[in-house]
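These notes open a run of structures that come right after.
Here subunit A shows up in two complexes: once beside subunit B, once beside subunit C.
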Partner chain A sequence: MNGEPVAYHPDDSVVHRLHPVTKVVLLVCCILGAYLAPVPVLLALLAALAGAASLAGVGRAVGRAAVPILVPLGVGLLVIHGLFTKGAGVALLAVGPVTLWREGVLYAVSFFGVLTAFVLAGLLFVTTTHPKKLMVSLTEKGVPRKLGYVFVASLQLVPDLQRRAGRILDAQRSRGLDTSGSPRNRILALVALLTPLLIGALISTRTRSLALEARGFSIEGPRSSLYSLVESPLDHALRVAAVLGVVALVAWRLV
Partner chain B sequence: MADPTESGYLDRVRREFTTQTWVLIPMGVALSVVAAYVVNVVKVPFLYLDALGVVLIAILVGPWTAALTGVFVNLVEGFIVNPTFWAYTPLQVAFGLAAGYMARRGWFRRYWKVVVVGLVLAIISIVMGAPITVLAFGGVTGTGSDAVTAFFRATGSNIWSAVVGQTLVVEPIDKVVTALLAALIAERIPARYRPETAAKVLDRDR
Partner chain C sequence: MSDVYVDSVTFVYKNTEEPALREVSCRIDAGSFVGVTGPSDAGKTTFCRLLPGFIPNFFGGDFEGSVTVGDVDTSTTSITSLGNAVGYVFENPFDQLTGAATTVLEEVAFGLEQRGVPSAELERRARAELERVGIVDLAERDPNTLSGGQLQRVAIASVLALEPAVLVLDEPTSQLDPDGTDAVFDAVSRIHAAGRTVVLVSQDLQRLAPRSERLLVFEDGRLVCDAPPREVLDARSLGADRSFDDAVRVPPTVDVGRRLRDRGVVPADRPLPLTVAETVEEITRHAEVVTTAIPNSDSVPDGTTRGSSVDPRIRIENARHVYESGVEALRGVTLAMNGGCVALVGHNGAGKTTLAKHLNGLLRPTAGRVVVRGTDTRTASVAELSADVGLVFQNPDDQLFRATVEDEIRFGPENLDRVDAETRVEAAIEQLTLDSVRESDTYELGRAARKRVALASVLAMRTPVIVLDEPTAGQDAAGVSIIGEAISDLVAEGRLVVCITHDVEFVRAHADRVIALSAGEVVADGTPREVFADEAVMDEAGLRAPIVTRVGEALGLRGVLHVDDLLERLA
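Moving on, here comes the complex of A and B:
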């Protein structure tokens, strides 16, 4: 966890207003497509993703989240393939014992393009899709409601538990907990930090399950929702186009 | 022991999922995500602990709940940390099932047995994780482990053996520590806060 967590950016752009299920379909198709596509199609996909991000007004947020994810991946690819995948043996650059091979660099760059599409598609989805609306739309499509609850509750619990972890860390340090020193000490420090965290969380689950039961969590039957989600013709068109695009790429690969 | 008929088995799975279970799953998910944050603060090398919540749920509730927790750990990490986590979801599911079944059979009752559980998780991680890393990410993970992969590449290994070599170095450490931490933490839970479904851990209730 370095930097700020990725989060939903509330807005009312065309991308935000797409039905969440449409965005799930687009996300899956973008990721599959990125792995299947030849380079020109991949570049078009990247351009489309960047365009959609700026259209949705999340260009900066997506960029800021993407850089710390993509830079280590890119450096890793360049080192692991650029330096060691010899291929036909054409050197791009040689500094002392280190040689950058042409074939390896080409492989690294094209693979980096695929990963960029993967990460951009994921971040665009996350920044423009309200988790609760996603849950409601998936429940409407037949996903069990309890799974939706788990998803939204997990997302909400993370910052809560993280705050609690920070407080426990301060409290244990003020009682003399050593969080530096030998690996053994550090692992024991982890026990001293995580045990109160878990016990606190377990105590709160008791209250939480009583609260949920009191609100009819395990009752079967239809529910009404605060959000009304509409599927526009644009949604249908995009879903069909995305699926056809992936089918076309699979066909192209097989031929 | 389990009822041999299929309906008996499904009943056992269904009995795992009470309202309290549904509340424990998000807690396990959040604990896995936050453990990664705590490790970052305490700074132990080669430790990720992103399976800790899953293993704890495996001990406290059971294999199927832990598998479901695993799905959501990576789904949620993909949402708030890094979308590439989505690709590794099958690993967490397998961790949950393996740790859950081993917990029910008493594999968390002695320290050496807990180490074995950790090694089993490490094997799962190597067998399932290395193909994902190579095929979906070209052999990189975007973490410090890539330095180990680069080292193996420098010794002349191809990309498959380099990634397997990297996971052989990193995974046993992370997974054994994860299993031991899960056992130590589960043991310290006061009896009145332990879920009724909890498996026996370390020397408790011998």
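Moving on, here comes the complex of A and C:
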């Protein structure tokens, strides 16, 4: 297990206070924008994301989660495109039979920039968006309530399954299960890990569904919420600006 | 207020043949506190599932008879509607939460939100329920960071928020430590005092009996006794040929009370004591206490070493362990263990499980060293060390995965490539009385039996050292007795058994040596009599001494470990 999974960081920064729907719009527009944007705009977008993470006080958490994702991706892109995308055939570096192609490196760097924007936007969204408020706001906008619940519950399911998997692995190793070595050993280990994990998850799900039912999850009629969500002028302005930005990039691509 | 009527209910779960309940009838008066007890798989949980309509609305099967809450027939009313009348708290504190709340307050408000309670009222009502169960200070905490006892009280507050007249709790403390158990029982007592009907299932009659107005005892799907606790526990009132001692865990105070009556110290017609205070009161009223010192004739058995034996099976030298999170779970532990039954005690987070995981190499010391039968654990794999140390974890569901009980037990010896695997499997099945279920699917067994299967699968490995994490948690009287006998057999064979446990009565009966941990350090190491007599250590380790020791202390006698110690000093 590689440490704790990335999760919501409670705070009261201006980024945290944005309406969850605004953050969904910004996330979608960031992903589309990063894909469409020329390099200078992409750089500006990356700077804006880094600035927002810092402003929200989640810079370190986002950085810690991003590095293990981005470093292998970056190295892989550089190796694959740098060595095998020859383009116009301009060599940047040649050592024996290995040649690093200029065009390939440029492509790898720009694609890496796009992926970095995806990852940063996603992590910023997860670390600054209160899951329950997100569920409430999506329901208010017409997303089926049960779908909203499944989305939020699945965010919590991952760390829970990680903890259980760790316990199961400990228990099976204590009974002499060898998790290393031959493929047969590894397959046996996987069965011994996955079976209790799945059976445990099914039992938990049955209890949980019963508890939810008893507490009125399926009841008909209006709902209320602990949280009253307000859409500020800043929310409206950011949504309009983000959509216009994407429209402008599409137009730029088309002309 | 709603009386509950259960009338001639027989229920057979889908895909099973034997009824889980047979002709059960009873009435639960509004505002009463009813305890439910009996052996594992006797029908207690099935009975509880009747009240909120889970049976027959969620669990399918053949249902006969009727259940009414107030004037509502549960078989024709939805679970959601019944949720307003009957609140249900499950055994597992974690699984019953919504899994979608980031704070305790959100969790408790969930049911109110579903019913459209005005937003202005939501927070006030949720906080009021948290106040009622004594955890309002946890309102902003993430439920995933709470202890089992705290989570169980969150679950109680969550169902209470819907203001049900009846609260049903199915073994809510079987997975909790003593502090968590006391907190849940205290919260339930307050809820009952405020006028609600409480139906509580537990094997812990020492806590349940004094609070209950009536005890319902189930056996083999039948309600075999419905009477006030003192009558249930007093064979004379039941008729000479009937006793429930084989079906329930007799509270230690009742055990002491019976011995006092058998010896003629206390008049035989006096009601049995259910609390320490009642026991002390009847002794001071009817006997004179001779406060002579109790000789400490106990000793750790031959071969059990505390520090410097030449070649003990387990040697721990100044071991420290710091987790990645920075938490220092062990702070320089030095121990030697060679034989006998060693109890590791201490409150949650004291370092007991961390220490146990060092014994088979699941964890390696950050500093210092752990040597198992001459091998430094840093130089061997867990698979290699598993031939020397078998470790059984608390939750059996974290390991069982094969189709039948017999096959599951075979897993350990197979991993060790033992040629006599079948002989070992047979011996373990016999030792834990699992012969009647050897062909059964492990997940069709109750949790207590599943736990014995997990234990058998490790015993079949025949390791010289066996480590058991909370072996008696959730066991009925028969289960505790079977596990106790198995441990005695292992010790008699010369093996070292290390038990992590909060069950001080089990320690009193079976352990030769007690090691108390607190904040990652050993704070006491001695015989049960020595450790239990040390009040400062018991406080530090978050433990309460066995009942008979507490009775002795209240009478001015230190070091009482057995009822005979007490009786010898009464005139």
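What we mean here is this: the second predicted complex is superposed on the first by the 251 of 255 C-alpha atoms of A that agree within 3 Å, B and C clash if a C-alpha of one lies under 4 Å from a C-alpha of the other, contacts with A are read in each partner's own complex, and residues count from 1 in each chain.
One rule holds in what follows: a contact is a pair of C-beta atoms (placed from the backbone, for glycine too) under 8 Å apart; a residue touches a chain by one contact, two chains touch by 3 or more.
Because the structure is predicted, anything quoted here is derived from the model rather than measured.
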> Between subunit B (first) and subunit C (second), which, if any, makes contact with A:Tyr149: first, second, both or neither?
Replying inline: both
>> I'd like to know which partner A:His130 touches here: subunit B for first, subunit C for second, both or neither.
In response: second
> Looking at the overlay, what does A:Ala214 touch: subunit B (first), subunit C (second), both, or neither?
Replying inline: second
>> Quick check on the superposed pair: does A:Lys141 touch subunit B, subunit C, both, or neither? Answer first, second, both or neither.
In response: neither
>> Under the stated touch criterion, which partner chain does A:Arg175 make contact with: subunit B (first), subunit C (second), both, or neither?
In response: second
> With the two structures laid over each other on chain A, which partner does A:Ala189 touch: subunit B (first), subunit C (second), both, or neither?
Replying inline: first
> When the two structures are laid over each other on chain A, which of subunit B and subunit C touches more residues of subunit A?
Replying inline: B
> Touch check for A:Leu115: first (subunit B), second (subunit C), both, or neither?
Replying inline: first
> Between subunit B (first) and subunit C (second), which does A:Lys86 come into contact with in this model arrangement: first, second, both, or neither?
Replying inline: neither
> Which partner does A:His236 reach: the first (subunit B), the second (subunit C), both, or neither?
Replying inline: neither
> Which parts of subunit A are touched by subunit B and by subunit C alike?
Replying inline: 131, 149, 153, 156-157, 160, 179, 191, 195, 199, 203-204, 208, 212-213, 217-218
>> Can you tell me which positions in subunit B touch subunit A when the two form their complex?
In response: 19-20, 22-27, 29-31, 33-45, 49, 52, 56, 68, 72, 75-76, 78-84, 86, 136-143, 146, 149-150, 153-154, 159, 162, 177, 180-181, 184-185, 188-190, 193-195
> Which positions of subunit C touch subunit A when the two form their complex?
Replying inline: 52, 54, 58, 79-80, 82-83, 87-88, 90, 92, 94-102, 105-106, 109-119, 122-123, 126, 144, 158-159, 162, 324, 357, 360, 362, 381-383, 386-387, 390-393, 395, 397-401, 411-412, 415-416, 443, 457-458, 461
>> List the residues on subunit A that touch subunit B in their complex, please.
In response: 1-2, 5-7, 35, 69, 72-73, 75-77, 79-81, 83-85, 107-108, 111, 115, 118-119, 121-123, 125-126, 131, 146, 149-151, 153-158, 160-162, 165, 169, 179, 183, 186-187, 189-191, 193-195, 197-199, 201-206, 208-209, 212-213, 217-218
>> Residue numbers of subunit A touching subunit C in their complex, please.
In response: 3, 8, 10, 130-132, 135, 149, 152-153, 156-157, 159-160, 164, 167-168, 170-180, 191-192, 195-196, 199-200, 203-204, 207-208, 210-219, 221-226, 228
